[in-house]
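The following pair of complexes shares a single chain, chain A, combined with chain B in the former and chain C in the latter.
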Partner chain A sequence: MVIPTLLGISLLIFGVTQLFDPIERASLYIRDPRQIRFVEEIIKKYGLDQPFYVQYFGWLSQVLQGNLGWSQSLHMPVLEALITRFPATAELVLYSAPLTIVLGIFLGKISAVKKDTVIDHVTRVMAIVGWSLPAFWLGIILMAVFYGGFGIFPPGRLSPWAEAMIRSGKFKAYTGLYTIDAILNLNGDVFIDALSHLVLPVITLTTINVALIMRVMRSSMLEQLGKTYIIAARARGLDSKTVIDKHATKNALIPVVTISGLLTAGMLSGMVITETVFEFKGVGYFAAHAATQLDIPAVLGFALFAGLIFVIANLIVDILYAYIDPRIRLR
Partner chain B sequence: MKRLTLETLDNEELLSVKDLVVRFYTYEGIVKAVERANLKLRKGETLGIVGETGSGKSVTAFTIIALTPSPGRVEGGAVYFRRAQGDVVNIIKLKEVELLRIRGKEVSMIFQEPNAALDPLYRVGDQIAEAILSHRLPEILENVIKFVEGELRRGRSGFGARLELWAYRKMLENPKSAILAILRRIPIIKNLMTRRLKHVVREEIIELLKLMEIPDPERIIEAYPHELSGGMQQRIMIAIALACSPVLLLADEPTTNLDVTVQAQIIDLIMRLKNKLNMSIIYITHDMGVIAEISDRVAVMYAGNIVEVAPVKELFNNPLHPYTRALLESIPRPGSPFKSIPGTIPNLVNPPSGCRFHPRCPYVREACKLEVPELVKVSEDHYVACLLYDGEIYGKYGGHGRSEEILSDKRRNI
Partner chain C sequence: MKTRVETKESPRLKELKFIVRRIRENPLSLAGLVIIIFFTIIAITAPVLAPPRPGRDPYIIPRSGYFPEPQPPNLEHPFGTTEGQYDLYYGVIWGTRTAYRIGVLVVAVSALIGIIVGSLAGYYKGVVDEVLMRLTDIILAFPGLILAMALVVAFGPGLDSITLALILVGWPTYARLIRGEFLRITSEDFVEAAKAIGCSDFRIIVRHVLPNAVFPLLIVASLDIGAIVITAAALSFLGLGAPEGYADWGQLISLSRNWITGTSGNPFAYWHVYVIPGLFLFLFVMGWNLLGDAFRDVLDPMIRRK
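Take a look at the complex of A and B:
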């Protein structure tokens, strides 16, 4: 399943570039009006006038060798750009995805168990409000209050002194995720600094996305609570805590796993607005800049990367499914 | 615990449902699902409840173990039940903590769809273990402790057994102990701590499954519900229900969704277990054939009312309520044309006034539209809720009780 899906994605995203004619694509490499006379030469050199399949297979064979092309906007190979930017995004996801999922499951469960009570209404209203807030607005407000008002939780990934420390030879970069690297280097100051830069973007992402998980969990939980096996479990003398935690919740989690996988994949493939607002230079930040500068190889590379993330996420969701649900294990 | 005077139940009786009113609050309005239902169950008796879909028979059964399905509410009446120790309680008024000690231990239930009544994510063995552990933990722990002590005395085992012994004693002392709760979170320690307990419970389950006439119980306890047939699933449900030898079993159409041959096996099994364990059974079904075969007495329900109660032979030979008669006539017989009861079961949001059966009743009178009939005793152990047999009320409207017409009609039927 994985390989055909990836081939399909690559075909689709490469096909989109064919909507431009060769001259348009060649002209992207021109920085100076005086170079216009080189357009023909560029088309020839890169084979832009070749039939689609020739170009596609040429590109694919390069991609398979790990060459995603040269990014004009970043002045480095696309693959290298993705690799250097990914840890920032991954670090953000490492904290916001689990927080969003756990909080969403918790709130959804409470709201289902306490259906139609004040707790239910308050939780649902708060979740919808969070869902409706635009990320850039919430981000700016949070930054104005905490960074502008109290001088805490600055934007970016690290303070300048910490950045200098990381660049120095004493600090080893194992993962590129600064909080984890700081723990591995036993450096408490860098850890706290990196963490304080993460607080606001993580709050933003959690606030905005928690409603998604919560609503799926709530409806799924309500569905399970109405099933016969719940009555049967209570009829054999189990207390409602066991019935809810052991039976209803586990069954209710099945659809939540899907949505959590999609959410995490979506986050990993870049959070354009949040990363831009907080100057958190991750994949989304890079993709947005590349797109505004018509940096086609970078955009292609980014799209392929996002596709890969989703395919992997689906694979993990399938494995988790089989772990939770014995009915799937057989097939 | 609320103690009641013993007058509410006489010595022979196990359960008494008194003037039970259950209503469902839905968007369409208030569904008057059960209206002043009265039932009595004697010790060791099998009471059949028959009626069409929506007559309130299942709701009555669920209410007996205080699990009235949402959005239903008990609006009146009482369910008196004699506990194993002999004291009589009103289930409706009981606190949840008390109910937990009754459900599954003294009163159990089996369901129409065994497939839906088992949690699909847990092995059936685990689900049976739940029933055993939630009621019989102290008793089982004592056995395990004796067993481990014996092992230690013989110098058979060392540290592991000592850890287990400590854990079991702690569990027996205080099942909610914080330190145990923490240790149980750690998988390896949990496994070490409960190895012999698991073994003992497993043996119990295998014994139980043998009692249910399940072949190859060692394999079945490891199976997930979806890997078993409907009949096997129902046997598992019965095993769960009978794990703690209850005095009362509520059977809510347990064979309706099974093949006919399997159906006979399951009914057979239930009746044999009933005699073995000395239980009482409330058996709900719309199958008159099953009722005739297994029950001692029968209660007929129509639109939330109990319309007739009689010993099974009496009911089949001498049905009094027009609905009971219609029900018996609609049993298909070879060679005679198929009969059904004209009309449909009424909408219980706005039930008919007076007797709820009056729109479909061939003997309807003016009185039937105005007066709600009460269950009256017509002969020893035979009760019917029909104005035709209630001379007092009927007389008020210028007629007389036990109309000649009905009696002659009845003769025709026989």
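Take a look at the complex of A and C:
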């Protein structure tokens, strides 16, 4: 199932390239700015004036060799740009994804257990509000209050002094995730600084996405609580806490795992907006910046990258699903 | 003993009364309805609330001068002015029309394409189904905003490009939904019966199956308007939508980006430039989401009569 989907994704992205004229398309094949003078040769070489299927296989073999074209807005190859900016995005995901999932499960669970009480109503309203908040507006408001008002949680990834510190020879970059690197370098100041830059983007991403998990957890939990094995467990005299925590919650979590594939999509989309608002220079910031410059290879490269991540995430979900649900494994 | 007079009500009227009662009982649904009525009135009466200068495109916000610093609310500009002296009040009022235009147009066209594709796939099954559904798989294999962004770049920035891109990204959801309903409904006896008496495929699809299949679509559509308007505003915010000075909430919010931190003495000196257009966008989206939830409560047979 993965290979056909990936082929489909590549076809779709390639289909988008067909909306451009051959000269614009040529920029997808350029590796070096000096080649721009030889556009005519490139059009010839890759057969950009040839029929669709000839071009497609030419393009696909380029992509499979890791050549996604030259980004005019960043002055580097698209693949290199994606790779250098990826750690920043990974760092955001590292904090916001677990926070979103844990918070969503917790809120969904109490909302279901306390159905139709004040707690249930309050959590549901919170979910609808979070769901309806535009990420860029929430980011601006948070920044106006905390950075503008109190002077804390600045935008960007690091303060200038910390930036200078990690560029000096004394700081070793292991992962590119600044908080992790700071711990490995035993540098408390950089760690605190990197963390303070992460607070607002992580809050934004979490607020926008938590409703998804919460809704699924709530309805799944309600479904489990109505089942006969729960009634049986209660009839045997088990206390409410054991029934809820040990019996119902475990089964209710299964759909939550399924939905985490969708969560990845939400996070990737949210990343473009959130990174732009907070000037957090990850792949999303790069893509948004490239889009405003009409830097076609960069935008398409990012779309391809996002599609790939989403497919991989769904594959992991499928595997995980088989692992936690024996009914699927045994089939 | 009281006797109740049994009146012969048509089932449709009864259904409508039931829906109205359910919405009135739930304060959240009622809030959603009130918000949407409020915005609808603003959109309809925009030429009265904020009269455009005669002979000019009403969607272009009038500006008083070119001074960059936003002015706080005053008598001449009730919501103040934004960067470049665009009148914020005029902008948010006409921005409501822009939001409606994009939201309703995208949802209506996506739903229509979805209904056609989903009906064909779900009714004829087999190869038709397989091909059409693989196509939806591919589009749904992308995070929506990102695919839309790539398409807008390909079409060239602008609100029309955003509308077209969101339609291309949006229809598969409806197609899958309608297909699922068709698969369920076409296996029922009344469809067999219709076939047996010689109804044409077209008649069966349009008169017999479709009326039974569209209700879930209404729920998704109302929840979708909010999501569409947020995504369109996000693309405008990134600078891919309306040109500067066009009455569009996302564009107005993006004009506030240089004024977030305020002045040294007053950190919230320019609060109006980001709070006001954002609040309009947020309330609009929340209104549709609340209404969508209300529709689900009323229309979903799984939870409705409980």
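In this section, the second predicted complex is superposed on the first by the 300 of 331 C-alpha atoms of A that agree within 3 Å, B and C clash if a C-alpha of one lies under 4 Å from a C-alpha of the other, contacts with A are read in each partner's own complex, and residues count from 1 in each chain.
Assume contacts are C-beta pairs under 8 Å (C-beta built on N, C-alpha and C of every residue); 3 or more make two chains touch, one makes a residue touch a chain.
Every value quoted in this text rests on a predicted model; they were computed, and no experiment measured them.
Asks: Here chain A is shared; do chain B and chain C fit on it together or clash?
Replies: Superposition check on chain A shows chain B and chain C fit without a clash.
Asks: With the two complexes superposed on chain A, say which partner A:268 touches: chain B (first), chain C (second), both, or neither.
Replies: Second partner only.
Asks: May I ask you to decide whether A:125 touches chain B, chain C, both, or neither, giving the answer as first, second, both or neither?
Replies: Second partner only, chain C.
Asks: Touching A:325 in the superposition: chain B (first), chain C (second), both, neither?
Replies: First partner only.
Asks: What angle, rounded to a multiple of 10°, is defined by the Cα centres of chain B, chain A and chain C, with the middle one as vertex?
Replies: Computed from the C-alpha centres, it is 80 degrees.
Asks: Can A:302 be said to touch chain B (first), chain C (second), both, or neither?
Replies: Touch partner of A:302: chain C, not chain B.
Asks: On the A-aligned overlay, A:5 touches which partner chain: chain B = first, chain C = second, or both, or neither?
Replies: Only chain C is touched by A:5; chain B is not.
Asks: Is it chain B or chain C that touches the larger share of residues in chain A?
Replies: In the superposed model, C touches more residues of chain A.
Asks: Does the superposition put A:169 against chain B (first), chain C (second), both, or neither?
Replies: neither
Asks: Counting only touches as set out at the top, which of chain B and chain C does A:239 meet: first, second, both, neither?
Replies: first
Asks: Can you work out, in whole Å, how close the C-alpha atoms of chain B and chain C get once everything is superposed?
Replies: In this superposition, no C-alpha atom of chain B lies closer than 5 Å to one of chain C.
Asks: Using the superposition on chain A as set up above, list the residues of chain A that contact both chain B and chain C.
Replies: The overlap between the chain B and chain C interfaces on chain A is empty, containing no residue.
Asks: Report the residues of chain A in contact with chain C in the complex, numbered from low to high.
Replies: Interface residues on the chain A side: 4-5, 8-9, 11-13, 16, 19-20, 124-125, 128-129, 131-137, 140-141, 143-144, 147-149, 264-266, 268-269, 272-273, 276, 287-288, 291-292, 294, 296, 299-300, 302-303, 306-307, 310-311.
Asks: Which positions of chain B touch chain A when the two form their complex?
Replies: 62, 65, 67, 69-70, 96, 100-105, 108-109, 111, 113, 116-122, 130-131, 134-135, 224, 226, 237, 240-241, 243-244
Asks: Show which residues of chain A lie in contact with chain B when the two form their complex.
Replies: 226-229, 231-240, 242, 247, 250-251, 324-327
Asks: Spell out the part of chain C that touches chain A in their complex, as residue ranges.
Replies: Its residues touching chain A are 28, 134, 137-139, 141-147, 149-157, 226, 230, 233-234, 237-240, 250, 253, 256-257, 260-262, 267-268, 271, 274-275, 278, 281-282, 285-286, 289-290, 293.
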